[in-house]
Every structure is written in structure tokens, then in C-alpha cells.
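See below for the structure under consideration.
Residue numbering begins at 1 within each chain, and the chains themselves are lettered A, B, C, D, E and F in the order written.
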Amino acid sequence: DFLSALDEVRPAFGISEEELEQCVQNAIIKFAPFVERILSDGQLFIDQVKNSSRTPLVSVLLHGPPGNGKTALAATLAMSSEFPFVKLISPESMVGYSESSKMSAINKIFNDSYKSPLSVIVVDNIERLLDWVPIGPRFSNFVLQTLLVLLKKRPPKDRRLLILATTNEKSVIEQMGMSDCFNSEIYVPNITDLSSIDVVLRELSLFNEDERSRVLDKLAGQVELKIGIKKLLMIIEMCRQDVDKVEKFTNTILKTYRKSDLDNLEIEFD
Amino acid sequence: DFLSALDEVRPAFGISEEELEQCVQNAIIKFAPFVERILSDGQLFIDQVKNSSRTPLVSVLLHGPPGNGKTALAATLAMSSEFPFVKLISPESMVGYSESSKMSAINKIFNDSYKSPLSVIVVDNIERLLDWVPIGPRFSNFVLQTLLVLLKKRPPKDRRLLILATTNEKSVIEQMGMSDCFNSEIYVPNITDLSSIDVVLRELSLFNEDERSRVLDKLAGQVELKIGIKKLLMIIEMCRQDVDKVEKFTNTILKTYRKSDLDNLEIEFD
Amino acid sequence: DFLSALDEVRPAFGISEEELEQCVQNAIIKFAPFVERILSDGQLFIDQVKNSSRTPLVSVLLHGPPGNGKTALAATLAMSSEFPFVKLISPESMVGYSESSKMSAINKIFNDSYKSPLSVIVVDNIERLLDWVPIGPRFSNFVLQTLLVLLKKRPPKDRRLLILATTNEKSVIEQMGMSDCFNSEIYVPNITDLSSIDVVLRELSLFNEDERSRVLDKLAGQVELKIGIKKLLMIIEMCRQDVDKVEKFTNTILKTYRKSDLDNLEIEFD
Amino acid sequence: DFLSALDEVRPAFGISEEELEQCVQNAIIKFAPFVERILSDGQLFIDQVKNSSRTPLVSVLLHGPPGNGKTALAATLAMSSEFPFVKLISPESMVGYSESSKMSAINKIFNDSYKSPLSVIVVDNIERLLDWVPIGPRFSNFVLQTLLVLLKKRPPKDRRLLILATTNEKSVIEQMGMSDCFNSEIYVPNITDLSSIDVVLRELSLFNEDERSRVLDKLAGQVELKIGIKKLLMIIEMCRQDVDKVEKFTNTILKTYRKSDLDNLEIEFD
Amino acid sequence: DFLSALDEVRPAFGISEEELEQCVQNAIIKFAPFVERILSDGQLFIDQVKNSSRTPLVSVLLHGPPGNGKTALAATLAMSSEFPFVKLISPESMVGYSESSKMSAINKIFNDSYKSPLSVIVVDNIERLLDWVPIGPRFSNFVLQTLLVLLKKRPPKDRRLLILATTNEKSVIEQMGMSDCFNSEIYVPNITDLSSIDVVLRELSLFNEDERSRVLDKLAGQVELKIGIKKLLMIIEMCRQDVDKVEKFTNTILKTYRKSDLDNLEIEFD
Amino acid sequence: DFLSALDEVRPAFGISEEELEQCVQNAIIKFAPFVERILSDGQLFIDQVKNSSRTPLVSVLLHGPPGNGKTALAATLAMSSEFPFVKLISPESMVGYSESSKMSAINKIFNDSYKSPLSVIVVDNIERLLDWVPIGPRFSNFVLQTLLVLLKKRPPKDRRLLILATTNEKSVIEQMGMSDCFNSEIYVPNITDLSSIDVVLRELSLFNEDERSRVLDKLAGQVELKIGIKKLLMIIEMCRQDVDKVEKFTNTILKTYRKSDLDNLEIEFD
């Protein structure tokens, strides 16, 4: 039957394993309950594609602020499906492509997926695939129209496809009329509580026990913490170079936290 | 005479049967009276083309919110005509086409139709054929001008043509000056009553009798239900994976119904 | 002399007779006095071109709402001139042409006309020749500039030319700075009185005497009727398929008339 | 010396006599004092170019409403100079040219003029040479920049050039930054008095003495007459076809005069 | 050493002498103190380039209303430097160049200058080099970006460059972000006093002593005189053709002066 | 191990030493404390790249007003890293490149850097690389999208990269959505105190002791001094040509200081 036929077919299809692992260079740290819930919800979509013949196409959008782990989560889910066809569509592999080469590359991956009974495609960083820039705005309508069709195009008979897309710019999705292309949306939040930071600090062993509790004491009672996991990892490594790691880490986090509207660490001189 | 000549000619013309059936993958469920009325009204236009030599061109636009079955209905009508030439013009078969290839493909289908005494052309998803995007707006004026002429161009002597077009974006049709191109418009509504949902649930056997009546009890008295058949089918299949199907279905419908302005199921984390 | 030389030259020049007759598929019904006045005024311009050597170029614009017979009237006038060169420039014969092919095709017809002592050119549907769309607006400036020059360019010595142009969008003509290109403008109105409808009904024999008088009784006293001859013909043929033609015709006209701002017959479901 | 050298050189340079005469098909009628003043002022510029070595380039712009004789006057002046090089740059000879062909053609004529000791170039209908359209506005910046340089570029040593340019759209000249390119501007007005009309009527013998005085009586006392010579000639020839020429002429002039804001003769039906 | 090495190198580099002299056809008349001050200030920049190795690039912008002598002054300064490499970049030598040919031509002159120990480049009429037009505005961003880099690019070791640029449109320089490209700006004013006019009239011998004093008397006490030297020369030559030169000159100057906002001499008819 | 492997690899990679030194033609004068702090902060980033395997990509933006030394500082830091791969991406080496050549050149340098275990890339003058102009604004979206990806793209396993970018137009960075691309930002201020000027004057020996103290006295008490080091160097060299250097320097600084909103030294005439 359909499912047993899978195992045999599998070797015939490529899986961009290396690329996908590159997306999760620093592993997935389970620093908050939502991390596990995103992973288990994702599993449900994988099951639906495996089991229901009435909905051969399921598409999901991961969205949220920059640097909070969307790409790493999508890649982790894709690899966990163990489908015979798992591919990544990413702007990083298309630097300098013309609009039409980009379109062809995207189209090829979708067409290849239609040959596998079960497939996952990760469509990473949609606004970058579209060459989108807020001024104008400008974007490649050619790539957009390609995605608007492919994200909704039913695979042929006896073929099923899960699409995991990511974006930092949910508003772009709406402006471009793409909302309609996704059956579900998963919001990936920033880190907003000290206990998450605590888990990450332990995992990366920046401090010893004593230092860590000093840091958490200093940070406790501060309000409106909001930081992506990617930036937190960068701050930790920066502080590792410093003589007074406790001081440096606390200050940097506090500075970031006080002007939470700025995206970067600003070094100023009086 | 004209009509008897039909049968012989027939085999000479292609009918894109497979493509058209692909559009009706989940059959047509007669969940509400309007479904049958659309089908019978469509039959009248088929008759007019067959019988009146004064109006050799009749063009009809099916419009309404996304995912309510426009494409499936147009395809069903086209196939039911049993005309010797029945073709689908669809963005899905033109992914990555340049403006001029798209134009040529469309033009070819119209020119081919002029060789058959009786033809139906389904022009699916006009705004996508136009590469339309609300920002700007941008669109292919080249394809637009082609359609503006072809949708009004009388077939040559002794040739007759029925055009069935679909769109999600009636306002696009107006902005583009295309309203003038259609002799009739058929509005395809969303599902807005529980009895329609009941019919669909029975048809797809998601629940047993008992479960179904529990679900309907829970939903009764809720207001402003508005859902497309396509999304309803997606929700049913999603719930099929869940342990507590009654709970999951009721909740999902209620969530959708409460925030009827959102197009997707949003999974949020606190 | 000049006029007698005509007859000999004639066979050397093409007349696009078939194309022009195609424009008048349903003949000209003289349903109102204005129909005859347009035809006789047109005759005056034909005479002026034939007789006056001081004005070797006369250009006339027929304008008015869509579907009221402009193209059929222009074609009828052109054919009635019996000039040796009578040609149609129409968007329908240029589907998918590039801007420059369109320009060449137009330019060739004008240059050919300069070889005939007497010529008529019908320039049909100017806004479509310009690839005009209200959004933007966008249009082909290349074709526009070509027309702006050709519509005013005096034919060479001993050559005379009558230009009959049509448009649905008088405002386009103004916005494009083309008003200056026409010596005269003829407004073609919609049908606004029952007696015109009566003439058309008789001509097409939709009803017997009795039915027709019932229909006119029902419609009498209704206000603000406004319908193009083309749509009236479409409604008549649609009703011909129906069992109760009287009922269907009356209702459709009344619906159209009550919402005279809509361009199409809308079929709605409650 | 310089002036005597002229005669010998002359045959070596082309004069586009035929084209220029084509611009004055209906001769120059001296219907008002301003006609003669324009001709004598033009003569002064011709003299300056002939005599002053300090100003080897003189450029003059004729502007005013459409159809008042600018092209005919510029062509007449150019021919009267009797310079060895007299050329016309006109949109009519460049129909369908690409921007760069147009630019080359213009540039060639200027470069050729630099080989003649004395030259006149008529640059007719600048806004049309620029492919200018009020919407946008759009225009060929390539041709514009070419003109902006060529209209100010001093001819080489011992070469002198008079430029006579025409436009209907003085505001275009200003918007495009071209005002700076002309040393002088001559305004060509419309006809605004009956005595001018009288002169023209006599010249063209439309009426006998008696008819003419009846016409003038009828028109006398009417206000705000404003008509271009070109349109007046068209009306006269139109009326020549009519049985009652007096009636037709008076009515057409009065209609035009009453709605002086319309550019064309509108034929309306009630 | 560096300076002595100059003389030998010199012959190896081109000087566009002819072109530069063409820019000063009517010589430099020292009609006001500012003329000499501009020339001496320019000399200081020439000295700085010759003597200081710390600032191998000095760039100066001459700006002011049209026709006041900017190009003639820049050319005069360039020639007076006696540097081995003196070149003119001017729109007049690039008529009809494509954006990229223009860019190449400009780039070549800069690259050639880097081979000479001491160079002057005159960049004439920047807004024209940019194909700038106020509507839009439109301009060649390709040429602009080239200039933005080249005007600031330090010559290689032991090479020094003086750039003299001119523009009529200081605001263009600012809008384009070019202000930053110039180390100094020199404003060239219009003529605003009678004594300057007196000097010019003497120099060109339009009048005899008596006539000149009559003219100056008539003009004395008039306010807000504002005229460029180029237009003054044109008026003088125009008047030279007239019988009553005193009358003509006074009137023309007074007319110009009264409507100082108009750029041209307008000839009007009542 | 990793670090010891470096020395061997080194010779295999290019360092654009000459180009980088060209950026620091006038050396780095330590005229204020912030100069040293920028240099030491830069060193920390160099260390982080050398030591932390978790953050293989660190990107820093130097921003501030024009001419304050950003490029010289970035080049100095890059050279001080002593990494085996140190390259400059600068608009000056890409004059006249097409968008795609520019993109290729940039892409090549990044791809080359991925072959070195440790690399520094200086991305100089981002707004110029983007062909950015404030009007519109216009810019190369192709180059922008390339940078948006490359500035965030993680180098492959065991490769590490430090990016030092500069810009005068921080607002451009924000409008273009590039803020997200930098981990840190360093603001480079203008000179705002006399003691900094004093240091620079000593270093360049423009005055003797006495003159310098006279200058400082004159300038003392003046408010809101704001000058870039590049312009200060230009003024010093300009004054060196003058007879009265004290007077000239004081006046120029005061003039600049009084109209601190102007970017250039304006020479005016009354």
C-alpha cells in the first residue's frame, strides 16, 4: 500500500541534509515551553500529510521577529519528518541569481517534490526570496507570482507535500496577498523571561554557578525583556572575550533591554 | 445541419479532461440550494450558445471569496457541456512563463477554439493570470490587453464560444476595466449556515451520528459563520488526526468564526 | 480628371470587406432617428473628402458608452463610401503584437492609403489600440505618439483621406491630448425610449404581437431606461431559451434599468 | 569674403524645399497686421545671423494655440532666408522611430548645418518630437537632452545658424527646462476679429458679395471669437458641401464661438 | 624633484585647447571687480594643487544663473594653470551618447589624468551631463554615481588633480547628494549695475560716446537690473541690426529689467 | 589545532594592502580619546572572531557624518587583525560597473573569504555601493539584496569572518532594512573641541608655537564647533598657500563654524 511503498522509493530522492543542519548550527535549546509546543504542532501537520488523501497539500508559515530561531525550527521539523524528499529553498543559495534563474530553481524543487509520494519543502525567508525592500516597496513580482501559484498548487494524484515557510515580515505576506496561501501560521516569539535566559546560560556554560546567580539577581525585577535567541548567543560569545564577564553580560543585556526598540548593540562615545 | 455536424467533428478537438477533473478532486457536494442553482443557471448559458446564432459569444464570470469552489464549479459546468472543445486556461500550467509566452499560450487556446463549432474555455483565476499584486498595483498589462480583446472578440462565422472565468478579486476586474467583458456574473457565496456544514460532515464521515449531533449542538446559536468549502475540508482532515475529534473540530470552527476576518488558522503561544 | 481617374485605380487597392462586415454581424436596425442622422452626417464628410482639395484630411471620432454600435456604424459608413481604399485598424487583429509591431501595422495602413486618391481608414477602439488601462494609467506611449502624428498628417499631393475613429472612453482621448486630432466628433447614445426597444423586438421576432404589447405595457412608465443595442440583443437571445420569455425579458430589462449603474446582469443568490 | 563665399557653397547643401512647401499648402493669407509683423520680425533675426559674427547662433520659438499657423509661418520664414542650408526637423518624418533613431536624425541635421556658412533649421512641434503626453507626464528624456544641448551649442568657427522652433505647449517648454534655450519667443495668436474672417472669406471665395455681407452681419456683435486659421479653413470647406452655406457657416462659427473651450465641432443628438 | 619632472612629462599629455578656447569665444571682459576676484581665487586653488602633497585632490564648483559666464571662466582658469593635462568634460561632445558611453568617456578622462603629475579637469554643466530634467525629476543615476565617486576619488601616489565644475542648478547638486563632493564653491553673479554695462558697451563699440551716454542716462535710476553677460552680448548684436540702436537697446533692456522673472525676450502682438 | 594551522595557510590568501593603505594616506592622528577607544573596541571584535566557534560571523558598522575618518579607521583595524584574508570592497574600484558586475565582484570576495580560516572584509561606503540617491530614492535593489544576504550568511564550517562596513547615511541603512545585518554599530563623531584641533595643528606643523597659540586664543569661546578631520586637513593645506596663515585659518574655521549646516566653504562676492 501507499505507506509501505515509501521505504523503497526513498533512496531515489535527495535530501539537502547538510544545508538543513547548517541552519541549526547551535542546536535547539528547549529554553521555554513554546519550543516544545511548536515542535509537537509541527508533528501534527507531518501526520496529516502522511495520512489524509483528501488534503495532499498542507502549508504552514512560521513568523516572528528576526533572529528568534524560525529557520532552525523549520529545518528541525523538516528533518524529523523522515520523508523521502526534504529540500530547502533559501536566498543564501541564490545570491546574484536573476529573477528568472531564481524562479527556475524554485520551480524545479517543487516539480521534483511531485515525484516523491511524501515531501517537505522549507521555503526560508520569503521576503528575501522576493528581493523585497520596504522603500517603494520593491520586490520581484516574477518570483512572487511563482510562489503565489506554487504554494497553492495541488500535487498530482498520490503525491503529498508539506510546505514550511518562514518570514520576519508578516506584513509583507499580507501586502503581497500571500496570506491566502497558508493553511496555518505559527508565531515564534522572542525570549521574554529570565528563566529562559537561565536555561541558555547553563547550556553554554558562560558562567559558573555563582556568577550565573549573581547575573540573574542583577537582572531580576527589570521589565520588558525582549531578545531573540540568536542575539543572546552573540552577546554570550562577545562576553566570553571580556575580563569581567558578569559585568559585561549584565550591562549589555540591560542596555538592550532599556532601548528595546533598537535592533543592534550601539557603541557610543561622548 | 449545424448541430448534427457536431458529433463528427468532435474527436478532432482536444478536451483537457484530466486537468479539469484535477480541479474537482473532492467532488461537488450539494450542501446548499445555491449549488444546484449555479449549476442550472450555467446550463442555460450552455443552451444559449448551442441554439442562438445571433450571440455566438457568451462570457460568464464566477466570483466570490477564496476557497469557496469557483474553480470546481466552472470545471464541472465545462465538462457537462459535452462540447467538442473544452479547455482550461490556468496559472498553474504557466508557472514561470514570460509575459509573452503566457500571452501566446492564451491566444493559442482561443484560436484553437475558433476551429470548433462549439467551445468552452475556462479562464481560471484571472488576477493570477495577470500577475496581479495589490501593492502598486502591479500586473501584466500585456496579458491584460490580450484578455480585454479576446474576451470580447466574436468567433468567426458558424463558430460559438462559451467563456467561464473565475476570480477572487472582483475589484481587480473593475479596476482593470474588465467588467465590460462579461455578459453575466455569478456570485459564489461562502457557507453561512449549520445545515450546510451538516451535509458536508455526513458526506465525509468524520463523525458517527452521535458525535455529529453533539458538534452541531455546540455550534448552534453561534453567529456570523462564514467559511469556504475548501477550508472546511482542510479542517475536517486536520481533525481526523486528533484524539478528540469533536473537541478539536468545534474549537477550530469557533475560533475561525470568532475572528472571521482572519484568513488562516493561527496557532499562538502565550 | 481626378474623379474619373478613380474608377480605374480602384482594383489596385485592398478593401478589408470581410473584416468590416464582421463588425456589422447583426445588421443596422434603424430603431431611432439618431441612427439615420449619424449615417447622413457621415455621408457629408465622405462628400467633403471627395470634393474639396483644400482639406485633403478629414478625421471624425465616434464616441459613447460601450456596446451602442459605434464600430458597426463606422464600418457601415466606410463601406458606403465606395472609395478604392477602405481599411480597418482594429485591436482584434493585433492580439499579442509588441508595441513596435502594432506601430508598424498602423503605419503601413496609413502609408498604403497615401497611394490611393481617396481612402477611408477606420481606427477602431482607440483606447485598446493604446493598451490603455485606467490604473496608473498605463498605455503605450509609442502607439499614442504614432497616432498623434498620423491622425494629423496631411496626405501627399492629390491624395485624400477620411479617418473614422471610435472610442468608449472620451476622457482617454482628452487625457492623451488627442482631442486636437479630430475635426469632428459624433456622439452615439444609448437606447433610452421604449419605442426603440419596440422596433428592435419586432425586427428580431422574439415575441408575437400579443406578447410584445404585454411586454411594452409592463415596461411603460418606468424611468431612466439606458441600454446599448449590443446588450439588448444579448438579452433577447438569452430570453429566447427560456420557457416564459415575456416574464424573463421584462424582469431582465427592469433589473438592468433599476441598477443602471451596473454594466452586467448579475445573478445573485440569497 | 564670407558673404561672397556663400553663393558658391550653396549648391553643396540640401534644402528640404518640398517638405517645407507641404507645410504651407494653403498659402499665407495676410488676414491681420500681426501676420506681417511676425514675418518682418523674423527677417531681423535672419539679418542678425547673416551680419554679426559675435552671435553665430540665434534661436527663436514660435508658440500659441493649435492650428493658428505656426508651422506655415516658420516654413515661410526659413525659405525666405535663402540660406544655403534650410532643413525641417518634423515628427511627421519620424513616425515609429526609436528614441535613438530620432536622436540620430536630429543630430545629423545639426551636424550637417555646421558645414554650411549660413543655415536655418526648423524644429517643428517640439512636444511631439519629445513624445510628450500630459499624463505622467511622459516624454523621451533622450530626445529632450539632445535638444537641450543642440539648441544652445555654438556652431564651429565661421559657421552661423538660425533655429526656428514651434510648439503648441509653451508650458511643456517651461517644465522641461527649455526656456533657457531660446533667445526670443514669438507668440502667434488666434483670430479674434471679424475683419480677419472677412479677409479669409474673400480669399477663398466661399460666398458672393451679398452672402458674405449677410454672414458678417449675423456674426457682428457676438463676443469672444477665438479661432485658429486651420480650423477656419476646415469649416469653410465643410460648408462648401452644404446647400445653405450661409446658414451652415454662421451656425458653425456661432457654435464654436459660444463654447470656445471645446476644441472640436461636436455633433449632438437629443 | 617633483616639480622639475613636470616639464619633461608635459608633451606626453593632451590639452583640449581648441575646445576650451571655443568656450571663451567672446573673451573675458573685466566689467566688474568680481571677475578679477574669481580669477585670483582660482589661482590659489591651482597653487594648492601644485604645492601641497597632503591634498592631492581639490574640487571647486562654479555656480549661478544661466549665461553669466561660468563656462568661460572655468575654461580660462584651466588654461592659465599650464598643467600638462587639461581636459574638458562637456555635454556638447556627448550628444546622443548612451548612459554607459557617457560614463566611459568621463571615466577615461579621469583615468588619463591620473597619469599626469598635475591635471585640471573642467566638468561643464553637471545637470546636463546627468541628463537631468526637473519633471520627475529624471536623471541618469549611472552617470551620477560615476561622478559621485570620481569627484572624491584620490589620485594615486604622486599625482594631483584640480577639478573645476560648473552648474546652473545648485539645487540639483544638493538634491543629488553632490554637495559633499566639492571642497569649495564659487558663486558667479549676474550683472546688476550700470557701470558694468558701460564697460561692456565700450568694449564692443556698439555706440559712439554720445549715444552711450544717452543710453546710460535713460537707464539710470531704474531698479533691479539683473542680466547675464551672454544675454547682454546677444542684445547688443541684435540692436546692431536696427536703425535706431539707442532706442532699441534701451527698450530691450528696460523690458527685460521690468519683467526680470522671464528668461527670454518675448515679442508680443496686441 | 585551528589557530596554529593559520600561519601556514596565510600566504595562500590575498591581502589588498596597497588599497587599504591608500585609505589612510594621512595616517591616524590620535586627536581625541574616542579615536583610541574605537581602535580598542575594534580589537575586541577581532578577538571574538579568532576565539569563539559559536559566532563564526561578526559584522560591525562604522557610521557618522562625511569626512570624519570612517574609512581610514576601518582600514586600519582590518590591517591590524593580521588575518590571512583582508579585502576591501569599495565603490572606487567599481566605477562604471553594471549592477551585475558589481554583484559578482562583491560575491567573489565573500566566496574567497570562505576559503580562509579567518577573514576581514571592509565594505566601504554602503550607500555608494548601492548607487543610492536621495531623490526617489533610487538604488540598486540587486546589489542591496546581495548585501542583505551576504552580510548575514554564516561562513561554512571552520571558517570565520569579520565584516567592517562604513556609511555616511545611517538612515539609508534603516530604510533599506539593513539594520538587522549588523551585530554592532560604532558611531564616529566629528571634531567638536579646540584641543583636538590643537593636536592636529601640532602634528601638521602649519604654525610655529606662537602662531598656534594666537589661533587658539581667537577660536576660544566660540560655540558649536563641528568639523570632520578630512575637511580640517583640507583647510590647513589651503591656508599653507596664504601669506597670512593665522588670519586665513581663523577666518575659515570661524566661517565654517558659524554656518555649520553648510557642507562646503563658499566664496561669495557682493
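Keep in mind that, in the parts below, a residue touches a chain if its C-beta (ideal position, glycine included) is under 8 Å from a C-beta of that chain, and two chains touch if they have at least 3 such contacts.
Just so it is clear, the structure is predicted and the values come from calculations on it, not from any experiment.
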{"item": "Neighbouring chains shared between chain A and chain B, ordered by label", "value": "none"}
{"item": "Chains contacting each of chain B and chain E, listed by label", "value": "none"}
{"item": "Interface sides of chain D and chain E: same vs different residues, half threshold", "value": "different"}
{"item": "Fitting chain C to chain E on CA atoms, where both chains share a sequence, rotation angle to nearest 5 degrees", "value": "120"}
{"item": "For chain A paired with chain E, centre-to-centre distance based on mean C-alpha positions, whole Å", "value": "59"}
{"item": "Length of the line joining the C-alpha centres of chain A and chain F, rounded to whole Å", "value": "34"}
{"item": "Centre-of-Cα separation between chain F and chain C, whole angstrom", "value": "68"}
{"item": "Shared interface positions of chain D, touching two or more other chains", "value": "none"}
{"item": "Touch list for chain C against partner chain B, complex", "value": "22, 25-26, 66-67, 91-92, 95-96, 128, 131, 133-135, 138, 168, 204, 231, 233-234, 236-238, 240-242, 263-269"}
{"item": "Chain D residues within the chain E interface of the complex", "value": "33-34, 37-38, 41, 44, 47-48, 51-52, 54-55, 58, 61, 100, 103-104, 107, 137, 139, 141-142, 144-146, 148-150, 153-154, 156, 175-177, 179-180, 182-187, 189"}
